[in-house]
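Presented sequentially are two complexes of subunit A, the first with subunit B as partner and the second with subunit C.
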Partner chain A sequence: MKVDPDFLDTLRLGGEFNARQCINCGTCTALCPLGMEIMPRKLFRYALLGNKEAVLKSTEPIYSCLLCKMCEANCPGGVHIAENVRALRSYLNAEVLEV
Partner chain B sequence: MTEPAKEEPRRRIGVVVCQCGGNISDYVDTEKVRSEIAKEGDVVSARVEMFACSDAAQQNSIEEIKSKKLDGIVISSCSPKLHLSTFRAMSSRAGLNQYEYTQANIREQCSWAHTHDREAATGKALRLVRAAVAKTAKSEPLEKMRVETTPQVLVIGAGVAGLRAALSLSDMGITVHMIDSADHPGGHVGRWGTLFPNNKVGKTVVDGLVQDVRTRENIMLYLKTELVEKSGRVGAFNVKLRTGNGAAIPLQVGAIVVATGFEPYAPQSGEFGYGLPGVVTLPEFKELLGSRSNKPTYEGKEVRTVVYVYCVGSREPAEAGNPRTYCSRYCCSATSHVASVLGAADPGLHQFHLFRDIRTYGKYETMYEHALQSGSVFLRYDEENRPTVERDAKGLVVRVKDRLMAGEDVEIRPDLVVLVTGMVPRANEALTRVLKLPLGQDGFYREAHVKLRPVETVIDGVFVVGASQGPKNVAESVTSALAGVSKAGALLLKGYVDLDPLVARVDPVACEWCGECLKACPYGAIEEVTYGDKQVAQISPILCKGEGGCVPVCAKQAVSVLGYTNEQMLSMIDAMSPGIPGKAGAPSLIGTTSRKVPVKEGA
Partner chain C sequence: MGIPIASTLGMLGDNLTKRKSALPLAGRVVTAWADGLDLPHGGKTVIYTGQMWQMVPAINAMGHQLAQYEEKEADGMFRMVRRLNRLVNLTSFLARTTAAEREVYYERLRNIARLLKAAGVKFGYLYEDDWYAGALAYDEGLDPAFRAHAQRVAEMLKRHGVERLITVDPHTTNMLRSIYPKVVPGFHVKVTSYLEVLAEHPPKTVRPLDSTVTLHDSCVYARYEGVIEPPRELLMHGGAKLVQPDLEKGLTFCCGGPAETLFPTKSGKIAAQRIEQLKACSPNVVTACPLCLASLSRAAPKDVHVRDISDYLVKAYLPAAKA
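This part shows the complex of A and B:
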C-alpha cells in the first residue's frame, strides 16, 4: 500500500474525519454487529495511512454501517466513529458517486 | 554427679543464640545449639534470645559483657547484612571493641535453607557457631582509621549534569574545580532546541547555568583541560590536570564527580539509509529545528512529510558481542515531544513513526498521547522485518511492514527521514584508565550497586553521574548529578572519614617480594618498599579494601587480612569440620589451592 499523505487532508476538509486517538485495540471491530472484517478498525487505519485505494474499494462496508454507535460507546480512545463514517460517506458521495 | 572439668578458658566469649521469633527456632533446635556451644573451652556464657536485636535483648547482652568481663561475643542470628552494624554498635556501647564481635548466620544459611531437616539444620548451625567462636578466640581489637578530607571537588564534564553538580556543591560551600575537554561549557544540551517535558530551550537552560557558574567565586572552570593523573585516597586525591596549551595544574581534591556524558549513536553509512540526502539522526534534526517549533525546512525546502525510525542503534541483538543491547530510554519521549510540538503548530505536517515498542514511561506517556492527537501516525515494525530507507529518482522511499495490519507492506515517500538514535558511551579510555573506573556490560561507567549504592563506584570518593553512567534524559541526568552532590557533600563536609580497619597487612619478615600481590590488587594499594636489606610489599591501609585478592597468591603466606587472618580462617575450618569424613590429614587450604579466603562478612 502506498501512503498518500494528501488524501488525509482531503478527508479532513470534506468532513470531520478524526481517528487520531485510535490505539488500534480492535474493540470496535469485535463489537460491530455487521461482522465485516474491514469495519471499522482496518478502514480507519487505511484512512489514517492515506490509503485512498482501499477506502474507495470499501464503498459497500462504509454504506452498510448502521451508525448504531456500539463501537463508539465502547471506544477507549474516545474516537467519534460514527462521525468518521459519515465523513467518509460524504467524501465518497462527492468523489465517487458524484451526488 | 559432676561435669568434666573445663580447661582454663583462654578467652572469655559470650554466645547468644537467636530464635528470631520462630524464624530460626522452628527449624533449628536453638536450646541444643546453646547447650553444646556452652561446652566450648572459650565460652563463658551462652543464652537463647527470642529476638537478639530487640532493645531488651541488646541490654541483656551489654549487661553480660560488662558483668562477665567478656572479651568477645558471638551472636548467631540472621545475615550480617542485616544486623552486623547493629551488634557492632551494641558491643561498642558495652565497652567491647566492635571487631571482637562475630555474627554467625543460622537463619538464611540454616533454618531458611533446610526447612525439611531439623536435625541437619541444627547440626549445621552448631558448626557455624563453633566456627564463629573459633574466629573470635583469635580476634584482636581494631580501630577505625580516621583521615582528614579536603573540602574541594573535581567535576569532570561541564554538561548539564556537571554544571548542576558544580552549582549545588558551591551552594554547600565546597570549592569546585570543573574541567571539560571542549572549548565551551554546555555539552549536548546547549545544542538542542526545545526540550521535553517543559518546552524549555536547551541553550537557554545551559546559558543560565553557565552564567551562574561564572559568578561563583568557589567554582573554577577549566576548558580544553583533561585529567591526566590521580593518586591518593578518598578525601585527599592528588590530581593533575593538563590544559590545552600543555600546562600542568596539580590539585588536591576530596572527591571526584564524573559527569562525562554520552555520545549520540552515529549510524553506520547505509544503516536505514544514513548518508542519503534527507536522512538525519534525531540530534541532527533537533539542531536543524533549533528553537523553532513549526515549518521545518531541509536544504531550503519545506518539509511536509517526516518519517521517524525508532530504536536505531539501540536494543540490538546480543550476538557478535554487540554492547548496544540496551534501551536508551530518552528517545521515544524526545521524539514524541518533537512530533507533538511540530504537529500542534502545523496540523498539515504529516508525521509517521515507525517504532518497535514505545517507552514513554511515567508521565511522558502524555507526550505520546499529544503526538497522536496532533496527527502523528504510529506504525509498529518487527525486529526481524526492519524498515528500509532508499532513494530513487522521485526521492526518498521508506518501506515497512505494519504489524497492526498483519504485516501489510506500507510505502511512504517522505521529505525527511529522522533516525531516532540512542546514546552510546563516550570514548573516554584515557580518563577511565586514570580513574581506574570499571565499565558495565554496555560500556557506561558502573555504579557500585544500582539500588543500594547508586552513583557510587568501587572507588571511594569517586562518583559517576548523569549519562556517563547510562542513558538518561535531562531531568534524570540532573537528579543523578544531585545524588552525586549529596554523596560528595556528606563525605566532605564532616571534615574526616572513618575507614574500616579490616584491611590486608604484610609481614615484612616473611615477605620476599615477588610482585604477585601487586598484580592481584585492583585498588593500587600495594607498593614495593625497602625493608632492611631486602625489598618487600607494603599495603596502604587507606587504599586497601580488605578484598583479599592478595592473600592466596602469596607463596610465603606473608599477607593476611585483619579480622580474617590465616590463623582465624584455619581455626574456623577446624572448628567446623569435626566428624566430616576425610578431614583427618586433609591439606591446609591456604597456600595449596587457589581458592580465595572469604574476607568480608556477608550473607
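This part shows the complex of A and C:
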C-alpha cells in the first residue's frame, strides 16, 4: 500500500472531511441500504491513512451513496458521514473526473 | 461499463452554470402550474418551488434514457453529448415530457397553494424567477457550479426584497434553509416548509379523511431538517389513521431516488425494499417529497397506491370542487 501523507489535506480543500471520531464499529455499514461493504467506514479509513489509490478505485461506491444519513443518525462517534462523502465527491470531481 | 459519471455530472454542472438549472425547463413549464390561481407577483413572503415538482417528469424521462446505458460502454458518446450540450440544451431533448405527465405534478403545486390560501397565509410568487436551488449539484459535489449558482439565487431574492420563503419540497427547503447560509455570506431569508406553515395554522377540517395510511418520511425532511411531526399532525388532524413501519421518523429508510440518475438498478432495488416495508402497514402510501413520490410510484405494485400528502390534505381541508 502506497501512502500519500498529503492526501487528507488535499481532500479537505474540497470541503469538510473529518472521520477521526470513527471507532470502526461498523454500525454504518450494517445499516446502509446499499449494502456495500466498503461504505463508509473502510473508505474513510483509507482516506485517513492516506491510501489515495484505494479511494480512487472506489468511484462507484462514492457516487452510489444516497446521502440518506441512516448511518449518520446512528453513528456512535457522531461522524458527519454525508458531508464526508460529499467532500470525497468534490475531490474526485476536481482531481480525477475533471468535472 | 455503467452510466459515465464524469460526463453525466459534467452536463448537470454545465447546465447549472449556463442555464440556471441542472435540468433546464422552459419558462412556461416552470410557471404554468400557477395559471388561474391569481398569485401576486413577488412580495415579502413568497411560495418558492425551486422547480422541483415541475422537474420530476423530466427527471423520469432522463432516467429512462440514461438507464439504457447502464450495461453499455458509452463513455465516448457521453463525452460528445456533453460537448454538444454546452452549445445547445440537449438535455431538454433527452428529457422530453408530455403535458399530461407535467399536469400530474402541477396539480400537487396547486394543491399546496390552495391549502396555504385556505389557512389564511398571504403569499406571492416569483414566476419566471422561481429558480432551481441547486440540490443535485450540491449533493454530487459540484461545488464551484453550486456556489456560483447559490450566490446568483441569493442576489435575485434580494432584488425582489423577499424576506420569507415558503418551500414545497424537502430538497429546496434544505438548500435554502441549511446550506445557503453556509455558502452565501449574509443570506438571512427565513425559510419554512409549507407543511410547517400549515401545521402551525391548520385549516378547518371540512371533509374528515376516512383512510388508514402509512407515511413515508423523506430522509431530507426527517434527518436533515427535522420536519417529522407536521405531516403526521396534518394527516391525523384531517382524520387519517396512521399505521407506521419500524423505520420511520429519524430512522426512515431511503426511497432510492438519489441513486436514480447514475445507478438506476440500485435505486429500483432500494425503492422496492421500501415499498415492502410500507405496504406491510397499509396499501395507502403517503409521501411528502416529489422525488420520493416518483421513486416509490415506480416500484409500487398495482395494489399499492402512492400519493402525495397534499392529495389527502386537499380532501380533508378544502371543500369539494364543483363539477
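Convention: the second predicted complex is superposed on the first by the 99 of 99 C-alpha atoms of A that agree within 3 Å, B and C clash if a C-alpha of one lies under 4 Å from a C-alpha of the other, contacts with A are read in each partner's own complex, and residues count from 1 in each chain.
The criterion applied here is as follows: contacts are C-beta pairs under 8 Å (C-beta built on N, C-alpha and C of every residue); 3 or more make two chains touch, one makes a residue touch a chain.
Predicted, not measured: the structure shown is a model, and the values here were computed from it.
> Quick one: is A:5 in contact with subunit B, with subunit C, with both, or with neither? Answer first, second, both or neither.
first
> Is A:45 in contact with subunit B, with subunit C, with both, or with neither (first, second, both, neither)?
First partner only, subunit B.
> Look at A:56 in the shared chain and tell me whether it touches subunit B only, subunit C only, both, or neither; answer first, second, both or neither.
It touches nothing on subunit B or subunit C.
> One more residue to check, A:33. First (subunit B), second (subunit C), both or neither?
In the superposition, A:33 contacts subunit C only.
> Let me test your reading of the model: by the given contact rule, A:25 touches which partner, first (subunit B), second (subunit C), both or neither?
In the superposition, A:25 contacts neither subunit B nor subunit C.
> In the superposed arrangement, does subunit B or subunit C reach more residues of subunit A?
C
> Sort out for me which residues of subunit A touch subunit C in the complex.
14-15, 33-34, 59-60, 63-64, 66-70, 72-74, 86-93, 97-99
> Using the touch definition from the top, list the residues of subunit B that touch subunit A in their complex.
304-305, 348, 350, 352, 369, 372-375, 377, 379, 402, 404-405, 408-413
> Going by the contact rule at the top, pick out the subunit C residues touching subunit A in the complex.
Touching subunit A from subunit C are residues 2, 5-6, 9-10, 13, 138-143, 219, 223-224, 250-254, 256, 258-259, 262-263, 266, 270, 273.
> Name, in rising order, each residue of subunit A that touches subunit B in their complex.
1-3, 5, 8-9, 20-21, 23-24, 42, 45, 48-50
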